[in-house]
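Sending over a structure as structure tokens; questions will come in a sec.
A, B and C are the chain letters, set down in written order, and residue numbers restart from 1 in every chain.
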Amino acid sequence: AKTYKFTMQNMFSLNHPVTVAMNKLAADVKEKSDGRIVIQVLPAGALVKGPSIFESVGMGSIDMGTTCSAYHSGILPVAATAFALPGDPRGVNEIKEFIYQDKIFKFFRDSYATQNVLYGAPLIMDGYTIVSKKPINSWEDLKTMKVRASGTIAKTLKKMDIPTVFIPFSEIYVALSRGTIDAEISGNHAESYLAKTFEVAKYQTTPYISGAQNCEVITNLDRYNELPDDLKAILETALKDSALNMIDAFEAENSAVIEKMKEAGTEFVELPDEVMQKWIATAVKMWDEELTTDDLSAQYIALVKENLKSLGYEL
Amino acid sequence: MQTIEKLISIAEKTNKMVGKASSLLIFVFMFLMVYEVIARYFFESPTIWVHELCGYLFAAYVAFTGGWVLLRKGHVSVDIIYQFFPKKLKYSADLIVSVVALFMFVVLFWQGYKFAWHAFATNQHSHTLFGPVLWPVKALLPLGSLFFVLQILADLGKTILKFKQGSV
Amino acid sequence: MNPALIVLLMFAAVIVLFVIRTPVAFTLGSVGIVALYLINGPRFLQMLPPSIIESMTSIILLAIPMFIFIGCLLEKSGIADEIFDMIYKWLGPVPGGLAIGTVLICVIFAAMVGIVGAATVTMGLIALPAMLKRNYKTSLAIGCISGGGALGFLIPPSVTMIVYASLSNLSIGKMFLAGIIPGMLLASLFIAYILLRSLLNPKLAPPIPVEERATWKEKWTSVKNLAMPFILIFSIMGTIFSGLATPTEAAAVGAVVAMLIVLLRTRSFKKCLEVVYNASEQSAFLTSMVLWIIIGCLAFSAVVNTLGLPLLLKDLIDSIGMNRWTVMIVMMLSFFLLGMVMDDLPIIMITVPIYVPLITLLGFDPLWFGILFIVNMQMAYLTPPFGFVLFYMKGVVPPGITMGDIYRSVWPFIGLQALCLILVMVFPQLVLWLPSMVGM
């Protein structure tokens, strides 16, 4: 039988739970297909870096990739909208249930298909925490900070008149330690542990200031369509399994990581009500004003609102 | 023969002009960066565009100077053995080098053109807050490759002329 | 086809193209493109434009033209003459004093400038004639300029470090910090060596005659000559480590300060404009050369990466039970051998995609390895038959001194660099301590 070789460009670091999940995905698929599908997982940056993966998969220069849809706002705006809605109160499991509703999953598939990309599976992680050198106990505290942020988070901060600073990801650590920036928002607690920023900035806010981050694993649509039906089914199952595995792995690691950071002196500070209220108010207002400029995003926001209502959240 | 020499001279003049003009871009990104530091540190109002714009200017700086550097033989090579070659062998080596370089930049032009065209056709924007259209940046690769091709052809012409002069 | 065989064939092609003097950028680029096409398939060529645009728009690499610009300005600013004048007054009376002073000036230069050529060129023009006039032995004079000039690689800022760090995703700030202690250590080794030899054999580097020595007053007034260099050093490294700016921004601040220094020194707007214009042209020229090598290498390293060579090597090393330190020493030897025939850039380009993932798999620290690499590149700068210093020195030494004499002069300094390399290997704390302090 014909074998199908897929080259996957991963964008996560060596020990990131997504990387672990992707290596397992490759092993599972190989085993279940008797070696008819081989997925080669390339380490971060081997061929292209994160921001170029989506386009490269769409154009077919690489077959698969893991990527964070925040990067695609200029190509497929709905992807960025769906990445992490600032102020979204839902946690990882609620968002997982949401995405895997037939209607929603089909929405993702159809949207991504417009770029010749198969939305393989969501890689859902906790949302964003603010990692800061000084505790954020009031609105004043946050307002006077220089924050490194990107995407919709930066957009929300800008709406609130908080200056965001552009600094390459690799320089965040030194910039924090030297005080070039006072705070950075680039991920959740576990990711701050991986990036070691907790060593140079002692405070992390709770709860997360956005809904979960929906990164995803994607496949070139043509390459996927070449597969015979039985292999498609195998790949689909493995994709879904890897998505669920990753959520479990992340959760299992999370509490251990938080303990380790606490031992190292990290303090987890609950964001004061005034900040949280202001944040949510600004963010939710932005959903309607800024994020719905394209049709697909408007549809998506409507779907989210419907889901929030059914879950009993009030906005 | 004269037309070849003329064409070579036009190609080289173009590259020299474009390269020299682009080298002045350094002052633009230098002052933009200093402006950013001052805006952020003294006025607490960092911009969302300085770094990204500087990145794009840097791409132009690199793309438009490549051919000029080739003209001035500035792309480093390892010449510990070449220097001992007899004249004829040197010319032959130069000929092969030009063909190899031509191959590389034709490929880069072709791929870069497809990439930039795709960005143009789909009206791609950057994913940042600044969010400018991307095709002008992406077009810098095929444009830069074109300047290289121009200079490589000029070099090729010069080598051929040398061969001819040698055999006269 | 066997991945190892493919890589061997690629390297063979690289050697052939190098021999016929194909520029490094075109060699790596064309070999990479052909291999990518044949091994991975034509559609993989499409990944070149996005990765090339990534490099061309890299904010980190943007520091390169500005550090080069600073170097070009200082070379022409006459600032070196002033520092040398001061050193001459203070250290002239000490045996070997001028050679020691040359090393010290090289350290100051290294801390201002990101490229190594600047210090070598200026010292060759200023310090070499001065030392020869004072009957310093040529070998010592040439040696101390060569070794001192190479310090620019290790003492931040350093363009080579920027390239290494951006290729291996390390923080430039951390890497700059990591270089400081080894750089000072090596400078101290040079000074100790010069002092020891001059004391043992005063004829090698005689103190200047009593009647030519400066008075204390002259000595103290000359100290003001250090003001401008220190302002510049502070404006670059100070802005990074005080948190004012990122490394790239600091380079821009330094470049503006350097222009002001030139204006102050020349006291003529027209003259200043001329120096600045020439420096800007020179910077574009050198930056373009560096960036096109990086771009050319993208296809090459893409092939190496898709072949998974580092992982295969790791498995091979495990299966034959080779000690990881043996691997490390083999890598160091390979750097030394490559360094005899090549410069830092081509060596970075062909080794980093293979070595850095491999040493990470073997459990070594990539930051520490980066510094080992940089020390090796200092040696490459000096080792015959191909080394920038060697050719440059041949151009400035008096007639009658042969290439062979120059080769012989640099060996003791290569030895000291090797000693520094071994010290850094045995005591990783020399590298890692300072970067770990930024976490405080």
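Following the convention adopted for this analysis, a residue touches a chain if its C-beta (ideal position, glycine included) is under 8 Å from a C-beta of that chain, and two chains touch if they have at least 3 such contacts.
From a predicted model like this one, the values you see are computed outputs, not experimental measurements.
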Which two chains share the largest set of C-beta contact pairs: B-C
The chain whose mean C-alpha position lies nearest the overall protein Cα centroid is chain C
Between subunit C and subunit A, distance of the C-alpha-averaged centres to the nearest whole Å: 40
Mind checking the centre-to-centre distance between subunit B and subunit C? Centres are C-alpha means, answer in whole Å. 25
Averaging over Cα atoms per chain, report the distance between subunit A and subunit B in Å. 37
At least two other chains touched by the same residue of subunit C: list those residues. 45-46, 50, 53, 59, 244-245
Touching two or more other chains, which residues of subunit B qualify? 51, 115
Multi-chain contacts in subunit A: which residues touch at least two other chains? 51, 55, 59
In their shared complex, subunit A is touched by residues of subunit C numbered 40, 43-47, 50-51, 53-54, 59-60, 165, 169-174, 240-247, 302, 305-306, 308, 357, 360, 438-439
Which bits of subunit C are touching subunit B when the two form their complex? 17-27, 29-30, 33, 45-46, 48-50, 52-53, 56-59, 61-62, 65-66, 69, 239, 244-245, 248-249, 251-253, 255-256, 280-281, 283-289, 291-293, 295-296, 341-343, 345-346, 385-386
Which stretch or stretches of subunit A touch subunit B in the complex? 51, 55, 59, 70-75, 80, 144, 146, 150-151, 154-155, 158, 163-166
Touching subunit A in the complex: which residues of subunit B? 40, 44-46, 48, 50-52, 115, 118, 122, 124-129, 131, 134
Quick check: in the complex, which residue numbers of subunit B touch subunit C? 19-20, 22-27, 29-31, 33-34, 36-37, 41, 51, 54-56, 58-59, 61-63, 65-66, 68-70, 72, 74-82, 93-94, 96-97, 100-101, 103-104, 107-108, 111-112, 114-116, 137-138, 140-141
